[in-house]
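Below: a set of structures, written as structure tokens.
What follows is a pair of complexes built around chain A, which joins chain B in one and chain C in the other.
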Partner chain A sequence: MSAELDEEALSHLRRRVRLIGILSAAEEAGLVSLPTQQLHTVGYFADALAPVWGLRILDARVLKLRAGPTSPLLQADLDRLVGIGVVIVSAVRHIEDADGLWRLDADYCLNRTLAQPILDKARTFERFATELDFLREVIFALSGLGAMGILSAGTSDASYGDEMIDLGGMVDIAGDESEPNATARVAIRFRELLQPEIALSDSEMVHLYVRELYRRLETND
Partner chain B sequence: MTAFPIFRNLSTDGYGLYPGKGKRSQGLDIEFDSGLTLVLGANGLGKTTLVAMLYRMCTGPYDIPRLADAAELGGIRLETKKLPSPDQRMFGERVNDNAEYATCTLEFDLGDAEIALTRSLANLELLELSVGVEGLPVREDRYQEVIKENAGVNTFGDWILVLRHLIFYFEDRRSLVWDPSAQRQLLRLLFLSPASSKEWVEAERDIRQRDSHARNVQNVLQKEERSFSESEAATSMADDVREELAQLEKSQKKEQRTLNVLRDQVAALDAAKESARLEVLQAESGHESAFRNLERRQLVAIAGAFPSSSDTARYLMAQLISDEECLACGAHSPKTAKDLRKRIGEDRCVVCNSLVEKTSKVGARGVAKATKELEHASIRQEAAREKRDVAEQEYEELLGEIQMLSTKVARRSARIEELASKLPPDEAKLHEQRRELATMRAQLGKRKKELAQRRKSFGRFIDRTSREILARRDEVQEGFEEFAEGFLLEQCRLVWAPHKDTVGQSGTAIDFPAFDLEMTGADFSSMVRRNGPQQVSESQREFIDLAFRMALIQVAGSGGIGSIVIDAPESSLDAVFVTRAADVLVRFSDSAGNRLLITSNLIEGNLIPELIRKGDIKSEASKRVVDLLKLAAPTAATKVLKKEYEDVRRDLFKRAKKD
Partner chain C sequence: MTEVLGLPIPGWEDGDLRQTANANFGLGNDAGLPESIRFLVGVARAIRKRHQEAGMGSEQTPAIFFLRPTGVANVSEEMRKQPMLDNGQTQLGGSFWFVGPPVCRALGLPVPDWSEDGKIFDKAINDLDLGDVPAVFFDPRGKRPTLRHYPAGLARADEVVVSALTGGMDIDRVIEIIEDETQAHLDGPAGGANLWKDPKKHWPSDRAEKKIQFALKVAMHHAFPTAVIREEQPQMAGRLDLEVEEPLLEEGEFIRHAILELKVLRSFRSTGSKVSPKEVREIVKEGVGQAISYRKERKAKSAALCCFDMRVKSAREKCFSGVTAKAEREKLELQVWPIYASAAERRAANR
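Our next item is the complex of A and B:
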């Protein structure tokens, strides 16, 4: 099958599996449906923290907007998943955001009947199983921030919230050969700081990072 | 806090170009009150000379070499040098007595200090200097100390930068907004403490020197290696070895040169790639917004067809109509989309084609407008993506080429070494040369390593200090918007956009603090980054830059005040923008304490009447008007056409009262 797919099609598939994984984990975390902006924010953190688990970043560059991380690429994949019935959309509305841009606002949840076989198949491969576990950790950690916390998490993030990048600028989380992006660097730094007394797992690093976001949000309040 | 000069008085004595009024008058005597001072003249009467005189009174016979000629500040050394003699005599050369006994006196405030100085107009020599009532030793170095101390700058070079890039807006002006290298120096000296500012300048200078030194050593090494190979080839080695060495050496030389050129291009192509990527993100965001707007309007139109509709069905339909894409199968279906759009246009149900209640005309117009906007956004998105693809490809190709060449050069170097090592043992001189070369290579390697470390540490320093500057970002942005909005009809803002640049000719690029400009435009509905002056109109260019300077003076100046001197602002303005331009200029001059000096020819048009009226100039006799037709030595034109000039002047003042 994969031999018939070009690189672009594979990228779409990777991103769509990730989206399904996010929505599935959200359901597990008690977030029955995810509003658009929360979904985009979670998608962004899944990318920003991916290097902590040695996973691939799927959308490395996003525009810095007042609304928070918003990826046209993720939205296109989401639209397509709605189209093929894997994702169910509700409460569709259009809003003009603080930047004067028109955005689709809706709530998204999985159509389990169609999504479960995709998740089951993905779980049979170690790499994808790891990715689904990672997404679960990210969602569980972020869900602790609450809906408003998730929406404003970007502003406290080491990469997206970096003051050196102004609104309208490009947030690049690709990192380089020598070091990952600032978000992953901070998460990894926790492990370095606690060693050798405590050996943090990859999951714990993600949770600690999100806890740090929580602390920063609290401080900002 | 930096103190900017607040000009109080400029007078000349015995200077032939400005004989002054009446028989007993000695020359010019200009009082700069708070607000606007207008210098009116005609070609040849000395407007630009007057501005130059004011500038030279502040700099003395010193300047930063090449500063006036360079298109961008770039890596120019910010050290002052004494002007060449002809430049020191520039005012003397405009009059028949070489200004031998002519002097000029300037009084200005700098922070709390009231400074007065007199210079010879023959050669700019300092003749008198006082601060407050205290006379000071008449020495140029003492004057420069007074300036540094009271302006709060670290070097006299920084003072000259402030004058050139903030205070004086010469006729051959260059923009600060689009010169990130000048911006970084201005931001450094305006917003960092003198100690940090000094550390920056010294570290940057040190790296540039080391970079230059490493390059020189590299060149010498290459020359030595060539000479070594030639010596080897000239020994009793076999012809084929000699020939191979010569060939290798020739190729090595050529490719090393190419490699150096390519490495120098990396930073520029990297910056172009990043800028193209940002453009794509902005275009995609604009496209997404346009698409969702159209979708929203169409959803409103088709909502009636789904009285108990599911969101998913509406979602699918809207996507099909707006984007011609079927979300169910992924097919591109323009025909079906066109058909559905037609149904909406004819007020028919999108599902069954039955006639439904009429869509309002306003709604239909909205859909049509949104469709156009989406088409526009799609074109922009496509163009931005193409540009990004080209930039990414060029960058990748360059890196690939560098890698390939580096490998080739390294392999060839190893081969040259190998051939050299086959030399007969008795050739002592060659052995000695080889040992020397090895030492040189090791030294060069060490220097390069040291340089890389210093660059890294400088990068960290710049990151840290940039954050200090960043703390003032909002104030600069707000100040800019306040000044710019009166002039521009477009939405326009400054964005904080660190600019990548290398220090020296190679090495890793560092993000230096800088602002970029974003603006809407005739062809862009959302704000778009304008990376160069060519991306805005000439009128916009001038006033965007002026608004930036005014904002910096307001934010960084001691007491938020300063002086701006503008030579001939009318040259770039179209008639319609004159009123707006006058508003911006007067808004600056209205801030308590600011001084604004504008020179202009007596020209038709509205700029002068607008400035006269808005600048609260009551009459031609006002001391805010410096009338060079009366004060300067007449030219042949002003003698012969005196009446015409006077008529124009009278008319301008009359119109100022009438309009």
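Our next item is the complex of A and C:
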């Protein structure tokens, strides 16, 4: 019982540290505040690409909506971080999304005073340090798409863009060790194609995957 | 149809993926570098991509890149948002570019009249208050385009590092960079590399090799911003330590200039247990074999075995005796640098 509780508590902690890491890296890349949908999309990619770095997926099921990947779990974590003052919310508004649904939207950024000590402490643990490095690369790679590009990145993604999953359905990216989700498999495929001439690093695979999404988005335009 | 781990992924063709990999050679290789160096490397890659897409003569006017992705507030005109600045499609010259360490998303501020560099610098430093922001000045006007890296900002011209966008990556220059980096940061405790577990007892850190490898990777990137520096490439004979590659203008083509095999020579392990002279000789012999083998496997132009001698002074015999003939025959560079456990030891050695 106790072990289960510990695991659950750790999972909560990791999800929150991940959100703080995402907003921190976004700021470094010049995306000072992230609107709700972009944040959900970035969170989705942070999970879908996690197996490339040998990291665990924290939120394996997202809702497939026209607006993009949407995770109730991520929103709950975000609301909690806003509640304790680590994340600052601004430009709160009602918007009608692409599915014709009215929902609350806002921009999110870090309260550095409270967030930095959390990040500094997390970095002292190897597991969290690796996770933060990974998140940095995911955000850095996605930042090149620009705010609008991030919004539409999901549609071209190997997992979320799967035409076999209808809008309103759940996208499951859990996979397993021998068979990761389609997004991670495509990213890993870059390494397989270049071997033995070059062994790509984990970071290179993430960046190349996002460039492939970019190429597809450009082609679709 | 792509097949990964035996599973097909419809719609993801290998040919497309190869094309993306070739078009973005080295992208993401700069992860983990200090911010200022990653910024320099990113600028160099954006310029190389521009040259690839539009030709070497496509850029005639300089540009200045600033490591400040949020741009500047005190300008009358609106700054231009530029996603994927590094896709080769955007004219770079004649602008101030505000970027983050990855140099992809950018804000651009056009500089309409670039007739005098002095006036442009003055505008950046005094009008826009950017004098202390890390910057890279791209100058395409000479015979060979250059990058001038101002890690402490344009106002600190005394700290500028100039590098060419092509060439110069021969083994002699590579060794020179290792030499400079060793003297600046590695060979004494004041350098900050923290290579010792207990310097008084001459016990090196068990991570000394990793720390040296990382320091040299950073130094190589700083000196050769257009290069791709790869670590730990798996080979038949093990994993090579560092590799210097120069991407060419043809997409996916590159020259593999150098393979570097790094060895730390110890009198003691980090636990305090002794390392015998015989073991040290074996380590050097193994390093020679690995470096030669890696160079052949990787078809690199040159290779070097770089030893960092952390042994006590009395043990510092000539470490390459017995392997020099083989190294010469195989055109392998052999280099050794002493790493001192104290400032006093360093001073005494340099007297």
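Here is the rule we go by: the second predicted complex is superposed on the first by the 211 of 221 C-alpha atoms of A that agree within 3 Å, B and C clash if a C-alpha of one lies under 4 Å from a C-alpha of the other, contacts with A are read in each partner's own complex, and residues count from 1 in each chain.
We take it that a residue touches a chain if its C-beta (ideal position, glycine included) is under 8 Å from a C-beta of that chain, and two chains touch if they have at least 3 such contacts.
No experiment lies behind these values; they were computed from the predicted model shown.
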Simultaneous placement of chain C and chain B on chain A, clash or fit: fit
First, second, both or neither for A:211, with chain B first and chain C second: second
Partner chain in contact with A:158 - chain B first, chain C second, else both or neither: second
Which of chain B and chain C A:129 touches, first, second, both or neither: neither
Chain B versus chain C as contact partner of A:61, first or second or both or neither: first
Angle at chain A between chain B and chain C, C-alpha centres, nearest 10 degrees: 140
Of chain C and chain B, partner touching more chain A residues: C
Chain B versus chain C as contact partner of A:90, first or second or both or neither: first
First, second, both or neither for A:174, with chain B first and chain C second: neither
Minimal inter-chain CA distance - chain C and chain B, angstrom: 7
On chain A, the residue positions that both chain B and chain C contact, one per complex: none
Partner chain A, residues of chain B touching it in the complex: 274, 277-278, 281-282, 284-293, 295-296, 299, 311-312, 314-316, 319, 326-330, 463, 466-467, 470, 473, 495-498, 511, 518, 526-527, 529
Chain A contact footprint on chain C (complex, rising order): 2, 4-5, 7, 9, 11-12, 14, 16-21, 23-24, 26-29, 31-32, 69-70, 81, 83-87, 98-102, 104-105, 107, 230-234
Contacting residues of chain A [partner chain C, same complex]: 28-32, 133, 136-137, 140-141, 143-146, 149, 158, 178-180, 182, 185-186, 188-190, 192-194, 196, 198-201, 203-208, 211-212, 214-215
Chain B-touching residues of chain A, taken from the complex the two chains share: 61-63, 65, 70, 72, 75, 79-80, 82-85, 88-92, 94, 100-104, 106, 163-170, 172
